[in-house]
Amino acid sequence: MIGIAVLGAGRIGKIHAGNVAANPRARLIAVADPFAEACEPLAAKHGAEAMTDPMAAIVRDDVDAVVIGTPTDTHIGLLMKAVELGKAVLCEKPIDLDMGKSAEAAAQVEKLNGRVMLAFNRRFDPTFAEVRRAIDAGQIGAVRQVVISSRDPGMPPEGYVKSSGGLFRDMTIHDLDMARWLLGEEPVTVTAMASRIVDEAMVEKYDDYDTAMVILQTASGKQAHINNCREAVYGYDQRIEVLGETGMLTHDNLRPTTMRLTTAEMTDAQQPLLNFFLERYTAAYRAEMDAFVTALADGTALPTTAQDGVQALRLAEAALQSVRTGQTVSL
Amino acid sequence: MIGIAVLGAGRIGKIHAGNVAANPRARLIAVADPFAEACEPLAAKHGAEAMTDPMAAIVRDDVDAVVIGTPTDTHIGLLMKAVELGKAVLCEKPIDLDMGKSAEAAAQVEKLNGRVMLAFNRRFDPTFAEVRRAIDAGQIGAVRQVVISSRDPGMPPEGYVKSSGGLFRDMTIHDLDMARWLLGEEPVTVTAMASRIVDEAMVEKYDDYDTAMVILQTASGKQAHINNCREAVYGYDQRIEVLGETGMLTHDNLRPTTMRLTTAEMTDAQQPLLNFFLERYTAAYRAEMDAFVTALADGTALPTTAQDGVQALRLAEAALQSVRTGQTVSL
Amino acid sequence: MIGIAVLGAGRIGKIHAGNVAANPRARLIAVADPFAEACEPLAAKHGAEAMTDPMAAIVRDDVDAVVIGTPTDTHIGLLMKAVELGKAVLCEKPIDLDMGKSAEAAAQVEKLNGRVMLAFNRRFDPTFAEVRRAIDAGQIGAVRQVVISSRDPGMPPEGYVKSSGGLFRDMTIHDLDMARWLLGEEPVTVTAMASRIVDEAMVEKYDDYDTAMVILQTASGKQAHINNCREAVYGYDQRIEVLGETGMLTHDNLRPTTMRLTTAEMTDAQQPLLNFFLERYTAAYRAEMDAFVTALADGTALPTTAQDGVQALRLAEAALQSVRTGQTVSL
Amino acid sequence: MIGIAVLGAGRIGKIHAGNVAANPRARLIAVADPFAEACEPLAAKHGAEAMTDPMAAIVRDDVDAVVIGTPTDTHIGLLMKAVELGKAVLCEKPIDLDMGKSAEAAAQVEKLNGRVMLAFNRRFDPTFAEVRRAIDAGQIGAVRQVVISSRDPGMPPEGYVKSSGGLFRDMTIHDLDMARWLLGEEPVTVTAMASRIVDEAMVEKYDDYDTAMVILQTASGKQAHINNCREAVYGYDQRIEVLGETGMLTHDNLRPTTMRLTTAEMTDAQQPLLNFFLERYTAAYRAEMDAFVTALADGTALPTTAQDGVQALRLAEAALQSVRTGQTVSL
């Protein structure tokens, strides 16, 4: 049994705590959050200990691994502490909003042979994982083009925008990781455009954007496109498409049920999409935790690394630079 | 070139005349209809001769084949005349609303080695023909169950109901032919229920029904189900499904375009179905005429026979008898 | 908190025990099964007591309700015991394979004001429940026709067939309940056909069938069709369609993921369906338990009753009688 | 009746001649092509005159309008001749592969008040036209993002690549017109990437590409993405998606039939897409001719202009320049 402490008792911490508790090879030891009102009920629900000092949770002997779901600016401190103590880490992305600090932390993790898995939850979504598996199984031959549509159901609140690091570092970064993962090769050129058409006044205030399109290309000529918008009234739109030499992989979005309504005005109308990431990626979060625990229990390699986080952030920075300079950025 | 006269210049006659005119191996010689106002413009449009006496059209030397699209009670007279003169016939169904007369006519046709093709247009629909082809190609193994949903967009006018011969002889008959064709075996038992829930007052007046369900079974145990309703507000609903030993064949209904609308209330909503048979089976009517002309030009067997018309009518009679007696009818 | 004992630690008992344990308003007190090897690990997993005597579990003071997932011939004994002791019951269907005994038990339950919910799991499937909700919300107007396709992925083992009570009592019964529920009116006539085309030798041995079609009609003329086959190579096929006065409701089957594969030979191919009921109805079993616990905790009416079980069995008997007699059976 | 001469009796000339002949308000006067073997049978088939000198066809008194389907380098000569003589023109795109010449010709057409319609056939596709209509009807609010996937079924022959003007001028140009049309605003910035991964050796020989991605942005911040590949083994892939403020429009590709095959390995597999543009855009070509003839007959504005051709070519040039320079190109 892997003893796990979940650091951070917010929205994502609750998901992780529940998944640890339900995992047959893991034991939820502690939930740590400076806000006792947040960690106490969560810990109680799963029979774990509530702690207000995350650092104290990391050092416990019965804690083999930590899950970091705290505010972004605390990630590196907690991550490095855990690595230094030889604890495994599942860390929410990004490592840090600053590229330099992220890269330095990732390098340090490698130097220390730290076991760190960046929480790119989408890679564990059953459908997306099946797409990757189908590529690996040769079902569409060599990958040529990847098209990723990724749109939020609505503008986040202003406070979120302010501290998010901007559209590319906050939202596109997930799609950039997905693009890297599906291309199977590192992109070497990035070009992007971004605009403000959902809530111009608000995003301009923070020198941010609400709508963007990106193109990536690898050295061998494989391409990926990403389109993002902060608002899609029909729900959280998450689609990938992979064109290969001998075929193509696509998939449907998820809805609450599969019901279809037909009337005199329209036929086979389906329900709006699942609203946002907590609902859409429920199975992905569970599978992500399973992958983490399984790798630890079996002593196998973790499926993602801190470097994955650095590389996705590097692409996000490049996309932003491309928007600002009107240049295609080479990496 | 096969010289063809189209008898009847109504809705279906227009379709047939157009398809004859467009067929590269056929020539439209004449359009005959007692109503000069109907046949003249149609004949003129296609450079054919307008005639008000269908019998006169049949006897013409330059007429090799006739297409009968006149009122049902004139079918047998025209059909037999043509057969006696050695002309080939494409005859709209039914041969006659009376089972005995139909059977007698079909027997007579056989005796005279008449070349008569019953116009079961649906067999020529590209999708349905592809389903039959896939079965023949072994793509789903031996057929086990056929499910046919067949619903009109709305109640026909009272005058139509009055002279239609009733739901089973007028509407279900198409589905019964489809069932026979897809089962690949003759049904030996029929059971059915029928009711009046669309326009009870009107259909009751003619001792008719507006809603029905039928089950057929062959000697080897293959089954077919048909459901009919005179009103489906979303358009002309025409679906078949074939379950086989190693797979299943289904298909989509047809719409004016393939556009899908997604809003905050619904996703991927498609347009209403094509409204009725003239739109839905445009390609089928053309392919039916092609099949008729090709068989005549190449001297090969016609794809349907007068006996197909008799057999479908026999099943319609049996279904009606089952409704009236509460018995499963054996054939 | 509702204290619950799960009786029977087989396949379905495991599902129920897990759902009780996960339910925030219930507590799993005991798992009872004469086979200690079955109930002990299951009880241990959920921190409950293992008991080899189901009757002893029923009488415990801390047990407010029991879930009966034992072999069918033990249902009535356990059910009546629980009812007599004032315990609520969630009972797997059927109450009994014998119509008379079932009806008598249901009558007795009513007389004692017993709180008994028959486990018609499908009513709780999120999609089917949404269909029912849409009907209730008037989205398709008055119901006219219901079409139910329900096919197992493959023939059950011979031992199962032998003791199943036959296709109609074992398999069709679920669809008959679904038909009643969707029609919203009691069927008054039943006609059916059945055959042996999947494994003739085996099913004939037990005077059973492997393939069937049924039609039901209500007094007002609403109709339902059911088609069943013991083998559908593409997975567990569970579809309902409801035609109403102003629209139609349909839905998609469920697959492991929503991936679609496109190659030179085919486009948008989806995965085989979820294999069987445990996978297909995972969410339904959970929702069923939630509905049971919620009704008990809130003191509201249970969503299904013992009479629902009797009525579905009555329809199954009528369908079988129709097959055997060639008569439409009136109820 | 509009008297029309079709110039060019190749693949596209045949389509246009057939559509003119079938149009009730037009008359096919002549088919002109220097190759008598090409124009004679085509003219004969439709009862028109065969001419080997296109210029001679233009000057005929009975010719009101010409359709130019000749090799690209003859377009401007024929076009200007017709305009000078006051004849209306439906001209296949591009006007010319050279941007300067194209712009000059378009300017000259405007100066002369020439009635010239550029044959952007896709705008007349029933589904795409319905998408545009839905936007105009306000069904998705203001347009925000357009995503166009446009892939050929396979590499064209080397001779075609050699004289095509390159991927952007030959293939992307259609999608650039579609993007302009759907955005409803002129793009002001263009960025693109292109690569050689289908047939590197061949396309490199002509300094061309076989795979490309483009992003366009308008002054108000609306965006469009185009992805192109010269080879999609599953057929001619032609998809558009429009995200708006209050909804989204998508559509399905077209296949020969709507049949779906389900087996033990896959469910609901559809047929490969219609293979290429002649099949895929059959209805579009017919509607394009109808629009041309209707505008002439009614004296209304032509739906596309020579400037549309210039603008699409300008965007194609900009995309190519972006690939070559690594810069986002501003227009």
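Note that the chains are named A, B, C and D in the order they appear, and that numbering of residues resets to 1 at the start of each chain.
In this section, contacts are C-beta pairs under 8 Å (C-beta built on N, C-alpha and C of every residue); 3 or more make two chains touch, one makes a residue touch a chain.
Because the structure is predicted, anything quoted here is derived from the model rather than measured.
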Farthest chain from chain B, going by mean C-alpha coordinates, please. A
Looking at C-D and A-D, which pair shares more C-beta contacts? A-D
How many angstrom lie between the centres of chain A and chain D, each centre taken as the mean Cα position? 41
Using the average of all C-alpha atoms in each chain as its centre, how far is it in Å between chain C and chain D? 57
Going through chain D residue by residue, note those that touch at least 2 other chains and give them in order. 233-234, 246-248, 253, 261-264, 268, 271
Would you pull the chain D residues touching chain B in the complex into a rising list? 126-127, 130-131, 134, 139-140, 246-254, 256-264, 268, 271
Complex contacts: residues of chain B adjacent to chain A: 233-235, 253, 255, 261-273
Hey, which residues of chain B end up touching chain C in the complex? 142, 144-145, 147, 149, 151, 189, 191-193, 195-198, 200, 211-215, 217, 220-223, 225, 227, 229, 231-234, 237, 241, 243, 245-248, 322, 326-328, 330
